[in-house]
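All chains are identified by letter, namely A, B, C and D, in their written order; residue positions are counted from 1 within each chain.
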Amino acid sequence: MSADTLATARPAVELEGITKRFPGVVANHDIRITVRPGTVHAIVGENGAGKSTLMKILYGMQKPDEGTIRVNGEEVSFRTPSDAIEVGIGMVHQHFMLADNLTVLENIVLGAEPKKFARLDTAFARRRITELAESHGLRVDPDKLVEDLGVGDRQRVEILKVLYRGARILILDEPTAVLVPQEVEELFQNLRELKSEGLTVIFISHKLDEVLGIADEITVIRRGTTVASVDPGDVTARQLAELMVGSELPTPETRESTVTDVVTLKIGNLTMGADGHRPGADPAKLREEGRRLLLDDVSFEIHQGEILGIAGVEGNGQSELIEAIMGIRPAHGTIELAGQDISGWSTLRRRESGIGYIPEDRHRQGLLLEASLWENRVLGHQTRKPARRGIWVNRRASRADTQRIVEAYDVRTPGVDTLALALSGGNQQKLIVGREMSGEPKFLIAAHPTRGVDVGAQAAIWDHLRDARAAGLAVLLISADLDELIGLSDTLRVIYRGRIVAALDPTDITPERLGGYMTGAIAGTEES
Amino acid sequence: GGGSGGGTTASEAPSSEASESTLKVGLAFDVGGRGDKSFNDAAYAGLEKAKTDLGAEIKELSPTADGSNRGDLLRQLADAGYNPIIGVGFAYGDDIKKTAAEYPDIQFAVVDSASNGPNVTGLLFAEEQGSYLAGVAAATKSEADHVGFVGGVENDLIKKFEAGFVAGVKSVKPDAKIDIKYLTPDGDFSGFKAPDKGKVAAEKMYQDGADIVYHAAGDSGLGVFQAAAAAKKKAIGVDSDQRQTVKETNLQGVIMTSMLKRVDVGVFEFIKAFQGGAKGGTNVTYDLKVDGVGLSTTGGEIDDIKDKLDAAKQDIVDGKITVPTKP
Amino acid sequence: MPAGLNRALLTVVGAVVAIVLAIAISSVAIIAAGADPVAALTAFFDFGASERSVSNNIAAFLNRSVPLFISGLAVAVGFRMNLFNIGVEGQYRLAAIVAAYVGSTFTAPAPIQIAVIVVVAAAVGGLYALIPAVMKVTRGVNEVIATIMLNYIAINLTSFLVRGPFAGERAEGQLTTTTPKLGESAMFPNINFIFDWFGQPPPTRGGGVWGFLLLAVVLGVVVWAVLERTRFGFGVKASGLNGPAALASGVDPRKMIIAAMVMSGAIAGLIGLPEILGDRGAFNSNFTAGLGFLGIAVALLGRNKPVGIAFAALLFAFLDRAQGALQIAEVPASVVTIIQGVIVLLVVVANEVTNRLALRLEERRAAQQLGSNTPVEVAA
Amino acid sequence: MTRIGKYHVALIGVAALILLMSLVRVVTGEDDITSSGTFGAALMLSVPIGLAGLGGLWSERAGVVNIGLEGMMVLGTWFAGWAGYQWGPLAALLAGLLGGALGGLIHAVATVTFGVDHIVSGVAINLLGPGITRFLSEVLYKEGTPAAEAGAGITSSPAIGSPPRPSLPLLSDGPDLLGKLEQTHWFLLSDIAGILRGLTHNVNVLVILAVLLLPLTFYVIWRTAFGLRLRSAGENPWAAESLGVNVYLIKYLAVVISGAFAGLGGVFLVFVSTKYVEGQTAGRGFIGLAAMIFGNWRPGGLAIGASLFGYADGLQLRSNGAITSFFLFGAVLLLAYLVIMARRMLAPGRPADLAVRSAKDYTLMAVAAAGMVVLFWLWLTVDQLPNEFVFITPHVLTLLVLLVASQRLRMPKADGVSYRRGEQH
């Protein structure tokens, strides 16, 4: 590759002996990385290994306790991100850093505004952005509000933000987590183009095959320390994973089918309009009038002991589907649980009648971060045993049951009185899984049950789901991780623009083909 | 209410404190407190006069902004050995009654409220009589036969002003038009502190043709004067001689006269009477007869109608005219 | 448990530091005003020379704290759910006048009559608070503006009622408009007997120490139990900490908004009662105003917890009581307001700082006990 | 495209409103509905509310809730009075601005540096403002001080010189063409003349300044680089931080400016009354906040909100009778609503809507019809409302408007969030 010709050049980034301590945690310990210019350098590691922290240090958002940073051979010390921007470093964060109510243009120029006197020179900015977008193949409309954009577009805005500042070194922290394969490929095409222009890319991902596909060099971080630096040509994904965790990679494979012919959940013609809900309206008419529909005539059944997976690019109606089933948002159509129509029921009554819910965003919908673990155990079960005693909350029983969950689900915590925010994401997720299983649900919604959870916890959660399924639980699984979807599901449906466009058999589908359905590239052929 | 059984022990405090029978006078202001350039300050002037003329030792206290501690101020004065004690403002009526019952050996007085205990003197002012004269003056001086009244807060005290003024105007020109406006309802005392609102209300009256507006609106009266100055018309002040107390020279000229309410006289006379051994249980009304109310003459603008005013005053003093206290 | 203890200790230390700082700042102001800060400080503790005066001042202090406490509770119930009920002011005034009027229309044995008055007050306050709650739930109207507007409306309505439909007999020459006087049986018995325990003469002040104090304590305990121990309180807490999570857990936010607002309003309705039932026997046009706004400060100072609110109310009442004593000591009495403002500000700053410290400690403890993420094993 | 559409709709709305007001005036004979006096008063009464609201806008657009506007406004009045009597109106203006800004600074220190809950800090400032000013008065204005000689008391400062009050020559002054036209009481023409004259005749210079501050605020916040940073701090401070924006600095500036605006509102009150009067703010800080929320955190909307208060307040101060004509006004509005609804329902080719709307809409229409009848009946029978009901007009109107419009409101996303550098949400 071109890397050979550049080998003699001064390294773009050199990190030496970086150490960063947080109260009680050493996030980075004596990290050493050298990034050659004009290459894509991947950094991999488990959750909480310290990747994001390291990148934030390189971007001036956090100060290292020890160690030196050299950019293009010069030693630097950053106080704020603007110092890093000045020497040509740009970062795309793990979570989008966009202001929804501002336009694409405003988001891009923020902090580096072109000015005519005090006035924001929008004409100039628009020209620059269009230029950049065209030369790098990153299409966006500068005048759109960010809140109206999909994830792919947002990702492009993030990259444009960095390019706009003339960055020569790009940090991408898990940019592909929310993208479908086609979008990932598009992103990689962009990255290769950038690389050919001489830009340096630091790339973080949990998806090892992606890493192997794009990286020129790979650094592995384990528990805050660099443990290896490898050439992608020399390793397999499995070897890489073993380097990361020091153990074998678990795979989500359903062994034997436990599907029965008893229908647990039956969804019929579920339809939801984008502009509010009007009871009594006829969905067919809404469609006729050309109104935008978030859910469009969705129907399926889930049987006892079956896991039904829903594949789809984020924002195609998954959240709406879940919230309709949970009774959080009103929709037209029927929802039957064990033969009973529950579409008029409140969320509480639905939960009481045996629906469990692992929400897609545990911090938003799943936890009270500033409350103790046992109070989080009560959440969603406040009207049932053991949390309930008349009008009172049964504190003792709740504590005891939380202790049970902590033990059974291996939640690493000092105790049940610890605040939820003190736990790592994986442990928080295990607590949620334990809680949702403890109501002996008939039906479970599992939305991204292992998102952002490290491999160990991932395997544990998968096991719990399989066990429950074997015991007769019906599960609606929604995930962006296609391996997880294919591996766990008994049946697969693809959702696209609020419609179920395909029913697939997980035993003979590849992630690539699935991605085709998800992006509408392959037209919906119904298989069953 | 309960708990009034402690009254018998009340005598010890004053007797032990008030040594050598020096005159120790306590006074509790109404909300706003001393330095309001108005009602409270007039009371203080009387108190100060008692200090210089009668050699009294004086203490004056202001309540909290919400007036919740009026009663406690009275008790603190009583416990500290002050006798007599004066509450300034009708809001003290209830508190004086209770405190007086608790301290039967101390003499109390309350301004603007009637006596409600054997050791309470009510210092009442016949605002309606003074306002009547203001009405006579306004009606006589009005060329448009159209006058106005701006009240700060719509409570019964201010309504006395209105009633007297209206009666006075009607006595001269029964067909005269009288515009009446209050700035805030009872219980919302911001109407006494809103010059802008006073200005808007008076402006409207002047625009509609009124040429003299009488105000009983505390600081809001300033807005009335401004409106008068802008319209090049006249206004009548209240409580003190506002042609003297208002410092703006451009406003002094519009103040035709002011309805005087001699709270200072009331307070001083009460203290003097106390020294002379007077006991409470009655009201003292400061009316036209004793010049407790009246009209100011600074500027000489009503000198030409002096006869008419004197005649009206005489009629009231003689009882030929009874001025209503309610509109 | 030691974590909780640590936290409580930190909070107390923070509060003490804040109060000391507030006193220091106010002392500077007092010196600047040419007065003596020591005299000011003594004035705060000067309850008078005679025993009777001490009793009276203690009564004044305790009595003042009662409405402040109730008001703080009312505001806190809303705050717990991130509902900002600025409308406490209007709610209590309207409730007070209606309760005073209704109470004067009949006579019954004391317990019954008092109970009826209390219930009426709570009902009126609750109903008035229902208006912004319904507006929020059905039309998404911001409760801050709605309650501000409703305060003005309540003040005007009260003024209309006290002068018109609810006006009572007045003595000749009394200018204060008032509702009809309550009968003897409507007056809440005082608790002056506690002074006997300490060998003090009972206070002669007004109704003595208002018996409503006991009711306020009971109310505090009930509010504590409801908020901390019941399922309803759990719903309130969950909605306040994380609305979307509460919703997904089956807590109906609309019901909770209405319930919390009505509960807040119902408590607010009681604010005026200690004064009416313990002392005045009627609602009049000079009735103490502004308690609803002070309640906000008290609630915040007390961190929206009943025990904290009790301390905050006592502190505010203690400071307020000194208004007269300060003036006697020739210190500008407005120093009290400054101290109150500074204390609120400093205590919340201290809260913030100690809170963060406590969280940090908790996290560190959690991490240490787990021993995870220590680089020891891979120190190669 | 949509911008222009909105602009047209707004123009048509204003035109319709003036037409309706003119109609009601002619029918009821209440000239004050559109008189220049009412609009002059409305302008005067709206300005302090609008300034407080602008203060709120600056701070909330930067993500800091400011319920302490009232306290800052109080500081503004006091300092304006104190400086004004000694050194004249210009000094009053500056001192008032500084006084308010000082309040803003305290708020900024508490909320931005220490991360105190914004409402808590605001409440503390509302306690502190009146406390500090009262204290200062007690010290500086007490008997025997030079200020007291000049006419100060504990509750008021000495008088300050009044600033100039220009008028529009020819139209509102001199020949006063508008005034003449207004006096003819012609349908519509006189109404427009009255409105224009009220807004241009004998206005305080500060009014002009205040009105100019609205477009200026819009320009700065929506058109400049600084404004973009400010809004980003209110929408997503973490994003701003990651791009090197100094969010703390922006927030500090915004909150201090916010306090200065509130202080300016106080200065205006002092200019109107020509002196500081204790308690003269009378809750305008809160009303300003309400007007700002009402106006959807935007200068234009805020102007409408403040005008609504100012107009209703001015009208009720000038005329008790005009308030009753609001009944007619309301009845006509409801009638218009009913007509529109009925037309929509009867329009052919949309049977779907009929089915969809049915129940809920019929109830709404029934309520509207009943309301119309009641209002009309009230207008015919009531000729003098008790004053208390007149006083509450602005507040009731606000509640009604909010009931209709508040679902469109959108506050800055990170408003009220306590932001700390380096700590993502």
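Here is the rule we use: a contact is a pair of C-beta atoms (placed from the backbone, for glycine too) under 8 Å apart; a residue touches a chain by one contact, two chains touch by 3 or more.
Per UniProt, the chains are A = ATP-binding cassette domain-containing protein; C, D = ABC transporter permease.
Only a predicted model underlies this, so the values are computations on that prediction, with no experimental measurement involved.
Chemist: Taking each chain's centre as the mean of its CA atoms, which one is most distant from chain A?
Modeler: B
Chemist: Centroid of chain B to centroid of chain C, CA atoms only: how many Å?
Modeler: The computed centroid separation for chain B versus chain C comes out at 35 Å.
Chemist: In angstrom, rounded to a whole number, how far apart do the mean CA points of chain A and chain D lie?
Modeler: The answer is 44 Å.
Chemist: Could you work out how far the Cα centre of chain C sits from that of chain D, in whole Å?
Modeler: 31
Chemist: At which residue positions does chain A touch at least two other chains?
Modeler: none
Chemist: Taking each residue of chain D in turn, which ones touch at least two of the other chains?
Modeler: 130, 134, 138, 283, 388, 391, in rising order.
Chemist: Of all residues in chain C, which are in touch with two or more distinct other chains?
Modeler: Only 156, 159-160, 333, 336-337 qualify.
Chemist: On the basis of the stated criterion, which chains touch which? Give every pair.
Modeler: Going through each pair of chains, those in contact are A-C, A-D, B-C, B-D, C-D.
Chemist: Can you check the complex and tell me which residues of chain C touch chain A?
Modeler: Touch residues, chain C against chain A: 1, 3-4, 229-235, 237-238, 241-242, 244-252, 359-370, 372-375, 377-380.
Chemist: Looking at the complex, which residues from chain D come into contact with chain A?
Modeler: By the definition above, chain D touches chain A via 220, 223-229, 231-232, 235-236, 238-246, 352, 355-360, 410, 412-413, 422, 424.
Chemist: Chain D touches which residues of chain A in the complex?
Modeler: 59, 61-62, 80-83, 85, 91, 93, 95, 97-102, 106-107, 109-113, 115, 118-120, 161, 278-282, 285, 288-289
Chemist: Mind pulling up the chain C residues that touch chain B in the complex?
Modeler: My answer: residues 48-50, 52-53, 56-57, 60, 64, 93, 155-156, 158-160, 162-163, 171-177, 187, 189-190, 192, 201-208, 278-281, 284-291, 320-321, 323-325, 327-328, 333, 336-337.
Chemist: Would you tell me which residues of chain B are touching chain C in their complex?
Modeler: Per the stated touch rule, the residues are 1-7, 9-10, 12-13, 16-17, 59, 61-69, 71-73, 75-77, 79-80, 90-91, 93-94, 98, 102, 112-116, 122, 124, 154-157, 185-188, 283.
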